[in-house]
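You will see two complexes here that share chain A, one where it goes with chain B and one where it goes with chain C.
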Partner chain A sequence: MNPPLERNRKFTAALLLAPMVLLLLGFLVVPVAGVLRSSFLDGDYLLEGTGFTVGHYLRFFSDSYYSSILWETFVDGVIVSLICLVVGFPTGYSLARLPPLARRWRTIIVILPLTLSLVVIVFGWLIILGRNGLLNSVLFNLGIISSPKTLLFTRPAVILVLVQQFLPFMILSVLSVVTQIDPVLEQAASNLRANRLVTFRRVIIPLATPGILVGCNLVFVLSISAFITPRLIGGNRVPMLGSLIYERIMSEFNWPSGAAMAFILFVAGLGFTAAFNALAASRLVMGGRLHAR
Partner chain B sequence: MRDDFSDNVMKMAGAVVRAVVYTMLALPAVLVIISSFTSGTSMNFPPPGFSLQWYQRAFESEPFMKALWTSTYVAVIVSFLALIIGFAAAFAINRFSFPGKGLLQGLAFSPLVVPAVVLGIGLLYLFAWMHLTQTMLPLLVGHLVLAIPYVVRTVLASLSLHNRVLEEAAMNLRATPFQVIRRITLPLILPGLLSAAIFAFVTSFGNVTVSVFLTYGGNVTLPVQLFTYVDASYDPLVAAVSSIMIFVTLAVILTIEHLIGAERLA
Partner chain C sequence: MIRRTFLKLATATAMSALAAPYVHAQDKKFAGVTLRVGGWGGLYDETIKKYVAAPLEERTGLKVEMTAGTQSADLVKMVANRENPPYDIYQADSAYMVEALKADFIREIKESDVPNIKRILPGFREYDEYGVPYSVFTYIPVFNSEQLEKPITTYTDLARPDLEGKITLPAATFDTNCLYLLGMAEENGGSISNMEPAFKLLEKAKDNIVALGQSTVAMIQMFENGEVAAGVMSDARGYEMRAKGLPIVSVMPPQGIYGATSYMNIPKNAKNPEAALAFLEQMLSDEGMLGLPRSMRLGVTTDVKLPEDIAKDMTFNSLERLALKKNVDWEKWMADRSSRIERINKILRG
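After this line comes the complex of A and B, so read on.
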């Protein structure tokens, strides 16, 4: 290709990419940087702060109330990811191995919670878990309980609803890697007299690890930053970092402090997933060496 | 033979897990729809009888109908803009070679990893500083950012799947690059483009986690209106409005499924 044409192509590529790059720089990178900057402002009210202080961060880490909420939020994130993995993996795997027609309706059921507004799903759970809701009336009619139990405003309820919301991400991540695993490999394993469990452990899991990791990361990050679900399902009794930030900013208008907490959430979440991925990758490499031996 | 037992246990456990998973995924939406037809005045389950009164109330409710209009308006504009911006970027990523391509792809998908709270307050802060919180602009821009990854992913997938022989043939017949794109490429990937636009529509239409921070000025979307309503109290009116959202979303999913097939829906 001659030089002027080559330059022309580069110019065209830049022109095509410019709108997206400008949009994301201006309205994703700049706002995140703005949150970082405003978290160092001295002051407690919306847009009134000036100067530079690390006070909001210091207060967060010195107050055991906040650190315990940060800890609980992360524990919840890990629990939700694990449950999603344990129930999402078999579902995603079987979905990948189904004939197209059988797959159709199941895929729609999996996609629906993703595309449906979060509020609608949470509202559905309020109908199930409410005092006069479905679960209470079923348990009552079966004679298991004699009076309606309070199921909402508990941590297990929040975890259950988070699992349902984010499970589709896990199922789809697993689905996308399993469809790339050739079924011949499983037949080969079974010809070599491996049973399902061994095939699963030695063939499918190692090959599906990238999808498992993507799914776990997505579910974890989404769970720790959740605030609609903890607020509506958990009330004030199940505080999570996301709902705390929402309240700090939208009800107390304490901007710098809320921004500091949001940034802690962002960085801690990134750090946690990066560490998890590095660990998983090193385990995988070592595991590969062991198998090769 | 000795392995039969563990095989059977796994088979049965898998069947149970799948049944629970599909029930759990569908249950909230199904219950919302059932509750919306209640003749009672509270959210007790099971509902005492059938009526359409809450739908009538929903269509008569001014805040909800205004919010439905705002949501639709924003979602239509967002899907249109996201499609143009996302297609241009995906086309450049797919057909041109340039340094830093990996980084650019990372940037395109980065809205997925930034927590909604961080993006929401960041945008609120930015638009407050520009004195634009009273306009529809924060919602439009916020939803546009959120829709980009979905559009880029869908368009990239259809660009890399379609056969380029026809484009080469057209070029051999001396069609200009513009003619090739307009007459060959775009018609061929039309289903992919439509589903990308629809993905952008649903992303915008259903979003609440970023929108709550951007409806400060009074342009309230339907999910945010529902959130503030449920936060205070809830009655079958919410069920009726939520059912309307479910019907819209379901219609949209079925459309995409029809366009590109279930196996590419994911």
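After this line comes the complex of A and C, so read on.
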């Protein structure tokens, strides 16, 4: 490409990226830097701390209570992501294979829960999972249980509600990628005598991996930072780091400690997703090479 | 001539009719002023609007805008906007008054500013001339009499083995609501400086606790849905559940009960301090003071006479009942909040 054209292309790209870069700089990088700075303040009340200390970080890692909550938060995030993947992939795939008009309407139905307030959704679940709620009534009438069970305020209940909240993100991520996979590829695999399972494993999954990765990342990040659901559905019996951070900042006014916990969650979440993506990408490349042989 | 006189008279009458509301509004002291009050939502705010804001608007033209929130979130807003506070009136209970004073954003309010202050009963102005106390409430054990065979009589009873999987307690972050812990401590030889007996009891009660309520509304729902049969609630919420037909009994532990006072404050840099003072004066008037007892059976802080039909449902309905209310060292209570919250969380998790 000739140099003036190349310069022009770079300039256009920079111009197109500028609004997003400025937005991220102003509303992500600067606040995160502020949180980072606050986390090193030597104090335990609002932002009145001064100086520099790593005490908040040391306290977090030296107390097994906090590190165990961090661990459980990540485990919950992984479980929610996996359930969303198992439930969301077939839905996303089937939507992608529908004619455009039918797909549009069904996609709207998938998106619909996202338009509701989270508090409304959570209160809906409180009614469904309550001792006198719908689920207990159904189980009781079917003779599965002899008396109403406590379904709320348990870890499975928190995971169930998180799955319901974040499932649309997985479905939409898978849908957007699978629609790009030409159905002819599946027919070609079939002509080569690959059964449906082999086609799914060797053709669909590798090609849909970018969508799966995006979906998993989104669901995982949203799950580990959730704080309303663990508080209301978990009733403080199912602590997650997000709700602990909220408590530390909004109730205890201990902003430096809350900032340290938020930054730990940020870095750990970033590290985990980066490692997961790197691993998934390398597997994909390796898988591609094997298939190429 | 007659026609001219008629036209003059008609014009004068029409002008008067058109100008009347404007002239009338100008007579009102706070016409065109909007007072911003940090509210607590629901029936509480509705009551204050009905018995304080509405009569004041009628008399002075003052418009009152109440924004529902929580005192902790409002405190953060006030601290973050000291120079231009979001409210002209900030509400706090006894515990949060410590935080508001520590953050140093509220001003003193003297009797010369609000004459009705002289009607406040002794002991209610806990912070010298800061804050105007307008309501008193308590957190006491409550239980569903149809679901428990043996009644609860003390805070300590909440740890009884027969209550396994049957109780709810307020979340650890609600400082005033957590006074039940002080009750547990003092009933078992402890004190505000020695809360160990309470924590040991909480450890024993761990399996009894279904959930910690994130709000009183959530706790009421737990009672309504049959999730729990006992817990610790404010006296007002106990009354609310009884009014809904639930067989809820509020317990008065013989060793004393723990309550707090609600205060209204004016920020140092409030936009409308004069109007805020008028609001406080109306709050402490008989009309304003009887609003919350009427709607929620909350206690009063002045010498206002309580109607019999309301008083019978109130916890603090006489000076003798008020004497049951134990004094709390709020500074100490709030100084220990972080360690208390962490301890409760750890006990319930462990």
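The rule is simple: the second predicted complex is superposed on the first by the 265 of 293 C-alpha atoms of A that agree within 3 Å, B and C clash if a C-alpha of one lies under 4 Å from a C-alpha of the other, contacts with A are read in each partner's own complex, and residues count from 1 in each chain.
The criterion applied here is as follows: a residue touches a chain if its C-beta (ideal position, glycine included) is under 8 Å from a C-beta of that chain, and two chains touch if they have at least 3 such contacts.
Just so it is clear, the model here is predicted, and its values are computed rather than measured.
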| item | value |
| --- | --- |
| Broader residue contact with chain A after superposition on the shared chain, chain B or chain C | B |
| First (chain B), second (chain C), both or neither touched by A:L232 | both |
| First (chain B), second (chain C), both or neither touched by A:D44 | second |
| Partner chain in contact with A:L175 - chain B first, chain C second, else both or neither | first |
| Contacts of A:N132 with chain B and chain C, given as first, second, both or neither | both |
| First (chain B), second (chain C), both or neither touched by A:G88 | first |
| Touching partner for A:V119 - first (chain B), second (chain C), both, neither | first |
| First (chain B), second (chain C), both or neither touched by A:S251 | second |
| Which of chain B and chain C A:R59 touches, first, second, both or neither | neither |
| Touching both chain B and chain C, residues of chain A | 46, 126-127, 130, 132-133, 231-232, 250 |
| Residue ranges of chain A touching chain C (in the complex, touch as defined) | 44-46, 65, 126-127, 130-133, 148, 150, 152-153, 231-232, 234-237, 239, 244, 247, 250-254 |
| Contacting residues of chain C [partner chain A, same complex] | 72-73, 75-76, 79, 99, 102-103, 165, 168, 171-173, 209-214, 218, 221, 225-227, 337-338, 341-342, 345-346, 348-349 |
| Residue ranges of chain B touching chain A (in the complex, touch as defined) | 3, 6-7, 10-11, 13-14, 17-18, 20-22, 24-32, 35, 42-46, 84-86, 88-89, 91-93, 96, 98, 104, 107-108, 110-119, 121-123, 125-126, 128-129, 141-142, 144-145, 148, 152, 202-203, 205-209, 212-213, 222-223, 226-227, 230-231, 234, 238-239, 242, 245-246, 249-250, 252-254, 257, 261-263, 265-266 |
| Contact set on chain A toward chain B in their complex | 9-10, 12-14, 16-17, 19-21, 23-24, 27-28, 30-32, 34-35, 38, 46-47, 87-88, 90-91, 94, 100, 103-104, 106-113, 115-128, 130, 132-134, 137, 164, 167-168, 171-172, 175-176, 195-197, 200, 218, 221, 224-225, 227-228, 231-232, 242, 245-246, 249-250, 255, 258-259, 262-263, 265-266, 269-270 |
